[in-house]
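Structure incoming, see below.
Think of it as A, B, C, D and E in the order they're written, each chain with its own count starting at 1.
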Amino acid sequence: KSAKAATPEQVRFDGWGGVVSEAFEKYAFEPYTKKTGIKVVSGTFGGADEYLARVKSSQPGEFNLAHLSGVFDYARYHGLGLSSELNEANIPNLKTVITSLIEPLRKISDGKLSAVPYDYGTTGIAYNRKHISDDEARAKGAKLMIDDAYKGKIGGWAEWKTRIWYGALQSDQDPNNIGDMEAVWDMIRKNRDLVLKYWTSGAELMSLLAEEEIYVTEGWSGRIRALQDQGHDIGYYDPKGGLGWQECIFVLKGSPMAACEELLNFMLEPEVAIAVAEGQFYPPALDPKKVELGKIIPTLPAFDPSGTLDGLSFFDPAYWNKNEAEWSKKFSRVQRGY
Amino acid sequence: MAAGVARAQKHAPWILLSPSLVTIGFLLIIPMMFIVVYSFWLRTATGADQVGFYLDNWQEVLSDRFYRDILLQTLKIAFFTTIICAVVGYIPAYFVANTKMRSKTFLLIMLMLPFWISYIIRTMSWINILGTSGAINGLLLWVGIIDSPLNMLYNQTTVILGLVHYLLPFMILNVYVSLEGIDKNLTEAAESLGCNGFQAFREVTLPLSFPGLAAGSLLCFVLASGTYITPLILGGPRDAMFANLVFEAIITQLNWPLGSALSLVLLVLLGALVVIYTRYLGVDQIAKSFR
Amino acid sequence: MAERQHAVELRNVVKRYGEFTAVKKMDLTVPENSFVTFLGPSGCGKTTTLRMIAGLTDITEGDLVIRDRRVNDLPIHKRNLGLVFQNYALFPHKTIFDNIAFGLKYRNVNKADIAQKVKSALDLVQLPHVADRYPNQLSGGQQQRIALARAIVIEPDVLLLDEPLSALDANLREEMRVELKRIQRELGVATIFVTHDQSEALAMSDKLVVMKDGIVEQEGQPEDVYNNPSSAFVADFLGHSNIFAGTLAEPSGETAPVQLEGGTTLKTTIHQIERVNRQQNIRAVIRAEKIMVSTNQNPTSNDSTSIPGRIKTVDYLGQMARYFITAEGQDWQVINPIDQHPFGEGADIFMHIPARNCVLLPGHHD
Amino acid sequence: MTNGWSLIRIATILVYLFLFAPVAVVILLAFNANQFGSFPIEGFSLRWFDSLLHNDAIVRAFKTSLLLGILTSAISTTIGTMAAVAMVRYDFPGKKAISSLLIAPILIPEVVLAVALLLFLQFLALPKSFGLLLMGHVVFTLPFVLLVVQARLVSIRRDVEEAAMSLGATPIQTFFEITLPLMLPAVMAGMLFSFTISFDDITGTLFWKPGGVETVPTQIFAMLRNSISPEINALGAVMVIFTVAMPLVATAIARRVSAARIKASKAK
Amino acid sequence: MAERQHAVELRNVVKRYGEFTAVKKMDLTVPENSFVTFLGPSGCGKTTTLRMIAGLTDITEGDLVIRDRRVNDLPIHKRNLGLVFQNYALFPHKTIFDNIAFGLKYRNVNKADIAQKVKSALDLVQLPHVADRYPNQLSGGQQQRIALARAIVIEPDVLLLDEPLSALDANLREEMRVELKRIQRELGVATIFVTHDQSEALAMSDKLVVMKDGIVEQEGQPEDVYNNPSSAFVADFLGHSNIFAGTLAEPSGETAPVQLEGGTTLKTTIHQIERVNRQQNIRAVIRAEKIMVSTNQNPTSNDSTSIPGRIKTVDYLGQMARYFITAEGQDWQVINPIDQHPFGEGADIFMHIPARNCVLLPGHHD
């Protein structure tokens, strides 16, 4: 029955579809299978939430590896008892990974790891340069998105965390330590009334900007870069204390550990990591000081040549996790005018 | 009824029904029991579910104005969608049923064409039509009727538009199928008694096509009430429907107990509608006049 | 305004279904206020003609004139017709009341009058208690009567009835027919009536139209058509006739002998000889009921011929019996009223045929 | 009449145009050199078709969807039609309740049904499988078949069935010889419904699909998270062209054949 | 095995539609190889009875026995019946060929035989060229003939015919009836035939069943039922009768005078007096065709009564005329063959009524 998960002939991997999974398939899974004889059954999901719902309703061992987002999700999975314990000795390539990406994960799981960081990016402010100058964007920062002048031309991600984060910035508070939550909700309401559309996917974000449905929104660095590459005149700016995030490859409890660890190590091989990064326009988690990343990677937005990621702020997992239940529910109402 | 036969084979209907009943029983009834049970549990701050018998979810769902408002909004949207589908869908159904063109089947297959394109893509493509740089604005700007693009997207109207587009084929096919079965002599009889074409339609064709119209309307209403993708893609921030709340509760907030209670509310409400349908518009009622 | 002559007129009307021509160059007039009956074999085009007049079937060629107006393209609901379909076409989703009230509603009759009229229509067709039922709750004959009531109640200008009484028993049918005739007279409505019942056709019609294969074979007053059929077809179709080829001899006095093919010689009248223009080759038509069968050898009068024969078969028809007789090597049929008991099979009898009952037709085939 | 009819024809054309508008957009964008469509379109290219051809994942997903759709519609139409016959042609206790029950699958938001079924599976400790996915699709396409077939069946005269039985056909033979052909439009409609709904389903499929199985919608859904790819439009375009062309070619062939047959019969 | 007596037997059969009882305690036997005709007013339950025998309608109470086997619950397709529906029920989606071939297919007849049998069935109903058409391309009468062909071609054990000839013209109907009778004899198939045509019923039946309001009013040999109706209903329903209440006086010799309510006195026979057990209050039934009208005052025999009267109306029925006559303050109807011309309206005539034609019924109401 559930023995299926333990069979060493195959491991299950779930991730973002499209270009990402193509790159994974070609540069990681196929050679890995050739090398080990272990098949990688790959699946896709549309978002971390949806995936979690599926994992929660599955049997242990059914899902193995997943390309998850952010430290926050790591904490969530860990909190739900879905984490495993990696034997780092089996993943020598872990040494080349940016330390500041690994540390937050360790902190959550008592010094052990259940995942390896894989890539990172920012959620900054994207604006149409035809209508908003770089200067204006820099001057107004997060408050661009509560500017009455752009009513009906503003967008935003429909995710509660990002909304609250920006609400905190707009009410001049520290997102990881909000004092006046009501003020944040007010900012969110204000933004809501000006917004044309809360987008729910990268595709939507890109088309809203590309088709000039909106002039300003917060956006994912990689997606904005993709737009710029296509010749759209879109500016991107990380305000101070810009919102950074990382993506990791998480190993779920009940997985065949040895096989998974070998796959992880394989995926951290520079060629693999770089190919994936170039496909999705997010820099790999490899430390540029330790690994040669080629020509394109250094031009990606959010790329940190120092390999320290000092300039970015991340969701404090403990803080956000604590408020998750209340805030996510509350946002659901505020979003709808309540 | 062929009751001599029917009595000899009292079990016949049960044989006919058993595959459906088994399927629904195992894949719907029993699973829904879990949902009923879940609706009495509690979602804790840590994310794990508290097993027990709590009425909190039910109390919240039934007393909170938020849910009631969204529910009403949902029913309103579903209602308008259904009405529009009925009115707009009847005409092509009538045309296809009565055309002497040999292309009848072709026209029907064409009806299903949009389904080849994924629902999400199809819905999103309205943005290419109605958007600021979409086809309509492009045309109007080019012709010079307007000089700045119109804002047509992301409101309740576009949600209804998207739903109508999605549901229209269901209505058309249902109505067509009913229309196809009407004896032409009857409209002729009506006309011979002094009806003009339209009156004969109203007196004979329309009531006799009612089974299809009712079935189509039920489908449209129920499906419209249960969608979440259309409002997500074509609605503005406030244009949520009840299924969005269910989806969010279950997927985003991972609050299955609450989601269960919410979905049961919707189930009961739509179920009442179905009961009304089976009682007053359903097969038995309609069959009366045909037997 | 000049007085109208015809309620309905067909001029050179043709109806083709694909390759098949159902109605061929039909000319027909239905005088105002008259009762016209179509009689003809199954499939001869009666329903098709009615449907063309009603405007339910396209006319392939020719003109349809209703009340001096060419109406080929006038929609049916503007023709003010009462129509009874061969298969009734009652509205299955409406009660009997609503079925009958239907046409009245579209004539803006007020509610009270509708109720009143429907009630009397139901009384008329002897179904006073079925107003609340649905058509599928009625027997075949009951449905047919409702169809009739529905057509009559609107008091149309033209009444088109396609075998409206075929599902009724003889008595009821007769009552209906009397009622129909009364209504037709009272309303003065031109009526076209399709029937298979000859006695019905003969009893009711002002004008009888005998059709065959999509053409009008003969039309005229019923008695006239019956007594002077213009073709063997009509002779045979209306009632039962004995038809034999024969040759005509010179007349002697008021009668003349006809030599039938089989050898039998019959007497006929001068009048008949005139009818065939004194041609030599003729066909003699003797109606089955115009022959008297008796055991008596003597002719009833001088103008009669008496032929000995033997009865082969007898059909018992109630008040009448039908005898199949062999006489002088030929088969005859005779219909005679039964006095007490019919003659038995095998009985030797004589057939007496008055000269005036030997009708002549030209000899060519028609 | 003629006037009214031409109005109806015009209205029908308009409705079809409305239905095809997004389809047209998708096809146009499939030939668009740019990733994002803005009108007027700026360049013509076949590159998305090319990349579609080389995208194994989508091609595989397409095959899966096709198979799933065909099996779903076959099963769903069969059992749905059986149920419809029972509902219309027989009287039995609890009929109304069963009628409501059979429609229930479309009353429950798909997410809920999806999760509920998985919970049951978890309870039984059964793995996900293609069979489960298939039966899941059958469940929520069943009401469509049932409703449309029922609506037609009520208006089919009972006496032709009686005539068939009086001639010695068993009820089953009668069904296949008489009832089914007479309600074929409805059965076809039911098949179309169940096929397209299955082909187009996203939520249920997302939850029920076993490892390694992707359908076109789930594939698209996953891709969307990053960014839309006009390969999807190219796929849609290919399928649309296929759908339009198929019946046209079929009728053309049928016409040829029957014309030839008529000729042949005339020659005789 | 004991020889079977009855092909079909109904024992105490009742059919209720809700509150309405369509068939009440019906007892009926259809002997093997016999031709039984149902005759009765519209809505009296003929179709319902046929449908119960066929197994298409549930029997509310009672037993249905076919060939000594209770078959209440035997499904129709196992009964080997030939059934012609009042409304044909042809399969609209099948060609005429396939319609007729349908039953043969289920009897495992091979293809060549099917083609052969269908062809001869089509010839039989005189529609040899319609094999490739669809039912909606046929006229009403043609459809009816196809329905008949379809039922006959399977050579069933029992043939149930619900007005199978109602849409045919008299001639064709007669030919069909002869064919039907021939087939029935050849196959020896028990046949139940519903008709509204009395002459048809009288000519064809071995047994005539007159129904009324869901019960059998009288059954027996046609001639017997016709000549000796057991009730006023039957007397009136079969043919046309003059029925008057009256009182019986003492017989003198072979005849006895009957005093009718209106004052007229008629002669009747001892035999009739016996039939009513010499009751005093009786009803006298005189068939319309058993009265002779003439301008001659003298009775045709001593046993006749002659009554003077005046003709009010005349219906021309082809070979016959129907006279509505007022005589001694009472309304009479008389049907007489026409010799040359019928009597005119207003003519003064005499009605001659032989004593043996004055049938007596008991005086109570039935």
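Please note the rule applied: a residue touches a chain if its C-beta (ideal position, glycine included) is under 8 Å from a C-beta of that chain, and two chains touch if they have at least 3 such contacts.
The chain lineup, named per UniProt: B = ABC transporter permease; C, E = ABC transporter ATP-binding protein; D = Spermidine/putrescine ABC transporter permease.
Small disclaimer: the values here were computed from a predicted structure and weren't measured.
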_Partner chains that chain A and chain B (ABC transporter permease) have in common_ = D
*Chains still linked by touching once chain C is gone?*
one piece
*If you walk from chain to touching chain, how few steps can bring you from chain C to chain D?*
2
*Two chains share more C-beta contact pairs than any other pair here; which two are they?*
B-D
*Where chain A and chain C are represented by their mean Cα positions, the distance between them in whole Å*: 92
*Please report how many Å separate the Cα centroid of chain C from that of chain E, as a whole number.*
22
*asked:* Report the inter-centroid distance (CA atoms only) between chain A and chain D in whole Å.
replied: 37
_Touching two or more other chains - residue numbers and ranges from chain E_ = 56, 75-76, 87
_Give the residues of chain A touching no fewer than two other chains, as numbers and ranges._
47, 50, 53, 203-204, 207, 211-212
*asked:* Two or more other chains touching the same residue: where does that happen in chain D?
replied: 1, 37-38, 115, 119, 157, 162, 165, 171, 221, 224, 228
*Touching residues (chain side chain E, partner chain C) in the complex*: 17, 39-43, 46-48, 86-87, 137-142, 144-145, 162-163, 166-173, 196-199, 202-203, 222-223, 226, 236-239, 287-290, 315-320, 322, 335-337, 340, 356
*Report the residues of chain A in contact with chain D in the complex, numbered from low to high.*
1-2, 4, 12, 16-22, 25, 41-47, 50, 53-54, 57-59, 62, 201-204, 206-207, 210-212, 223, 226, 230, 232, 280
*Provide the residue numbers of chain D that touch chain E in the complex, in ascending order.*
157, 159-160, 162-171, 173-174, 177-178, 181-182
*Which bits of chain A are touching chain B (ABC transporter permease) when the two form their complex?*
47, 49-50, 52-53, 56, 76, 79-80, 152, 160, 192, 195-198, 200, 203-204, 207, 211-213, 322, 324-326, 328-329, 332-333, 335-338
*Across the complex, what residues on chain C touch chain B (ABC transporter permease)?*
54, 56, 75-78, 80-83, 85, 87, 89-94, 102-103, 106-107, 134, 136, 150-151, 154
